[in-house]
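In what follows, a structure is listed as structure tokens, so that the remarks can point back to it.
Chain nomenclature is as follows: A, B, C and D, assigned in order of appearance, with residue numbering initiated at 1 for each chain independently.
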Amino acid sequence: MLETAKPSGGDIVKSVTGTLDIKYRFSYGERYDRFFREMRDNKRIMGIACPKCGAVLLPPRPYCGFCYTPVDEWVELSDEGALLTYTVVHLPFIGQPTEPPYIYAFIMLDGADVQFPHILGEIEAADVRSGMRVKAVWAEERKGTLHDIKYFRPV
Amino acid sequence: MALKPPELTYMEGESRCDYNWTTGEVVGTFLAALRDHGKMLAGVCESCGQVAVPPTSYCESCGSEVSDLREVGPRGVVMSWARVADDFEGAPAEAPFRYVLVRPAGADTELLHVAPDDDGIRIGATVRPEFRPREQRGGAITDIRWFVPDGAESEGS
Amino acid sequence: MTRPVAVIGTGQTKYVSRRDDKNVPEIVREAGLRALADAGLKPSDVDAVVIGSAPEIFEGVNYPEDWIAPALGMCPGPVMRVHTGGTVGAATGIAGFYHVASGAYDTVLAVAYQKLSDGVPQYGLSACYDPLWDRDFACGAPALVGLQSRQYLDRHAPAVTEEHGAMVAVKNRRNALLNPYAQIRREITVADVMSSPPVAEPLKLLDCCPTSDGAAAMVIASEQTARKKCPRPAWFSGVGTCSESPYVPHVDMAYPESCVRAAQQAYQMAWIYEPARELDVAEVYEAFSFQELIWCEALGLCRPGEGGKLIESGRSDLDGALPVNTSGGVLSSNPIGASAMIRQVEAAMQVMGRAGEHQVDGVHRALAHSWGGAIQFSTVTIFSDEI
Amino acid sequence: MIDVGVVGWAQTQHGTLERETHQSLIYRVVNEALSSCGMSIHDIDVVIDAGSDFLDGRGISTCITVDAMGAHFKEESKIAGDGLLAAIYAYMRIASGLFDTALVVAYGKSSESSPRVQSLLMTDPFYLRPMGLDATAAAALQARAYMHHYGVSEEAPARVAVKNRAAGATNINAQLSSEVTLDQVMESRPLVSPIRELEAAPVTDGACAVVMAGEEVAKSLKVRPAWIAGSGHAMDAFSPGAREIHKLRSAALAAAAAYKQAGVTDPSADLDLLEVTESFAHQELMLYEALGLCEEGEGEKLLISGATALGGRVPVNLSGGALCANPVVATGLVRLAEACARVADRGEGDRIDGMSKAMAHAAGGLAMQTAACMIVQG
């Protein structure tokens, strides 16, 4: 059946290769704009307080994810906090700005009720403990992204 | 500590990923026939008999197995066309060119391909495929360079 | 009350790291036709199709259902694709359930698939993170589950240890030896797991699932058709799903509330009061070893913090009182978009008595669980041998 | 199936919304839909949403929009394709008897990436993608085949654009809200000919939300619902060359299923209004035929008769349709919201006297491979 039509000159084409390269322009929107400008210009991390449940939220959204209330009250957070949990990433991946191994962590900043994601520096993986105190080390050159903080170091 | 301009409006981003798609036997055989023999193979549905080009291993019309491949064309009839005036990244030909739906002789479906921007490309016109030279073919639908009006001299020959 | 709905046939492809003989629609067709054959039906007996797959970036085709569904012999006809992340396979089965429970359709074919080898799986998963927030630090699924596993271990130390995760990996790979569809069929030891290279600590290579090509399918039908076509249908007796935001206070990855709530809902619908006693088998979505312990706790199959004791006791072994992941689990086969449906397929097969060598005797009620997103989507499905 | 009403609906202003995020759009539109029927998010049992990961530039984008939809600690599921399909799934959820209320959300921000690339992503890797076929080119092939097959004049699609842009001029949410003349359309830039710029839908950001409720809850509300009378969806063959591309078989089948359920036997007499997804102007003519408003090949005649314009026998796209705003993924759900607003007796401005039954249509795939329809009545 298929054999009869199979080209005699060579094997069938087993696969086809291709690349997708899609460019995006992600809108910061009004909230991320304010949040990242505070980081870039003032080295400040801002949360938003929910007037109903009182939670101080991250990342900044127009609403409280928990009780669906509109939120608009900006609150300055400490750039210091406690390590919630962490993992040592050994796996390389495409587009990764930090070369593995590195320590990826969830940090509960003082004054916040939601975790802040970042990486740890100035510490060996074996010395990291959940609950330890860490503080942001700010980058000299800041552009309005989470990389405006280089990493968090132990206090 | 006022916020300074510039405002942050857009973050530039991209999604870039490489793929290696398995073709399967029917698609792989069709592509190899283009490459090795400069021939178009169609799939014959074992149930409804539809002759489909390019072929899939299942009949898009009735869902049955397609296990028999047969040569169709090379000449075919233009069933529709559309003219592209402006170049774009990844275009299959230099603009202006035309997209065509060609029904090769012996087939019941149409193959999507391109054609020169030539008034001879119109609905009902007979066209024939112009294959790329053997050494430029890689086992892809683009091994057919395009379809030209039957009887026309191929460019560069 | 809703009208009774059952799974009356299942189909799977063999899960492999690279399926190089068939393209995506052909793999979906293979699983779909097997499910129909298992149910004794033809494609023309199907009233609607539900398709499921995880992010389109895995295969690089958007709206892949448009390309794939015609391979099921259903076009022209009603096709809908569900798209919920890791839970999608189960969410697809559940959508099939609602297609029939609503009275809109009698017989539905639900198929879920993924052909991870066509693209770059970890890139696809990393693209799930918010580009303006955590995308640059997170690394596919292992980093997220590394955080989760660390939180779980730290909370319950020393009652739960890294060795307990390794024991899950050993058990599930052992179960996979009996499952002809499983990808990884190799006996391993706790020492092998503990000495395997770190991926996202505390996860080591053998704590992690593979990436697979494959598809799974179920035929879902009304009571009338089920009684006619299937001697022992697997009735949907409990269905629950729950989503949660990762950005609210008190997110607890070590005891995810979406899982707890989805389970409560499914148990309530199925009249189950003591899941650990009333369920006969459970298939949970353990993409990484520690997750089996976390899910067993959140599903109420053991008490919080007793995951270590559960795996140590042998209770969740194939010959234990409540076998968990009799199929070998996600740790043995992981075509992501299909993985959650494979849990449903295994649970349904156990109820139908069609699980072959890994069949557990006397299964009346089986649970299938899945998770997705940033550990924020959960589904629980309970199949029963009676309405 | 049990009676289900569409009780609330809302859509955003459509356009290029560069200061809006997906979350801010969704949050606003959901709140507006809820308040339109006096409900709170806590009254919602299940959320069914539609979005496109490739369009959003993220995998599983519900990861970061689920809270914007108010779905925290709720049943929630996502459907690929148009929001109208999500509405059909939500309808099934309530009809199962297991849920009383459902929220349907659909959103898209096409301005964040290239629409051409987005539609190229819909092609298969073997046969269509190497040809660079995008949605406009596929629609152009369809337009030429359709016009040739039935002898449709070159001005006919342009006349659809004139009609719909005139209607859109009164739609406060529309992106394009100016009228155009036949000459302007005919002289507009060719995209992929025969399609001209003014015969193609614009690039749009926008969102839509709809609230549904089972009979008991729907009747307990202070506002009157639009009751769902029927729905249907269908998919045709994938390869454009394996379809009769001059016909819309999927739309005909989706409509047939909806008509059967709703007891519609003569659509042009039984329906008072249609809202259809005409991403390209010629498609509205094809839809007249596929949806049974006229005989095959008679679309142009129906248009010229004025039957489908405001004040006509069976108006189509009084909102201006997709040609005035095309927030892909949400476009079809917007059609449902528009249809509901016209037929539900809520003492508001949008309702048109004498209209009681309307159908919304959504399309998907290259050259309308897929279709979904829902009929609502006041």
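Definition applied: contacts are C-beta pairs under 8 Å (C-beta built on N, C-alpha and C of every residue); 3 or more make two chains touch, one makes a residue touch a chain.
All values reported here derive from a predicted model rather than from experimental measurement.
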| item | value |
| --- | --- |
| Reaching chain B from chain A through chains that touch each other, fewest steps | 1 |
| Contact-richer chain pair (by C-beta pairs counted) among B-C and A-C | A-C |
| Of all other chains, the one whose Cα centre sits farthest from chain A | B |
| Averaged-CA centre spacing for the pair chain C and chain B, given as whole angstrom | 38 |
| Rounded Å distance, chain A centre to chain C centre (Cα mean) | 28 |
| Computed distance of Cα centres, chain D from chain C, in Å | 34 |
| Set of chain A residues in contact with two or more other chains | 14-16, 18, 20, 22-28, 32-33, 36, 61, 65-66, 94-95, 145 |
| Residues of chain B engaged with two or more neighbouring chains | 9-11, 13, 15, 17-23, 25, 27, 31, 56, 60, 140 |
| In chain D, residues with contacts to at least two other chains | 18-19, 54, 57, 67, 72, 112, 121, 125-126, 237-238 |
| Pairwise touch network: line, ring, star, complete, or other | complete |
| Residue ranges of chain C in contact with chain D within the complex | 1-2, 23, 54-57, 60-63, 65-67, 69-70, 74-86, 91, 94-95, 98-99, 101-104, 124-125, 127-131, 133, 239-248, 257-258, 261, 265, 269, 372-374, 376-377 |
| Contact set on chain C toward chain A in their complex | 20, 57, 60, 120, 122-123, 126, 130-134, 136-140, 142-143, 146-151, 154, 197-203, 245, 247-251, 253 |
| Complex interface listing, chain B residues touching chain A | 1, 3-4, 7-23, 25-29, 31-33, 35-37, 41, 67-71, 139-140 |
| Residues on chain B engaged by chain D in the complex (per definition of touch) | 9-10, 13, 15, 19, 21, 23, 27, 31, 52-54, 56, 60-61, 79-85, 88, 90-92, 99, 101, 103, 109-114, 123, 140-142 |
| Parts of chain D lying in touch with chain C, wherever the complex brings them together | 1, 47, 52-54, 57-60, 62-64, 66-67, 71-81, 85, 88-89, 91-93, 95-98, 118, 121-126, 232-238, 249-250, 253-254, 257, 364-366, 369-370 |
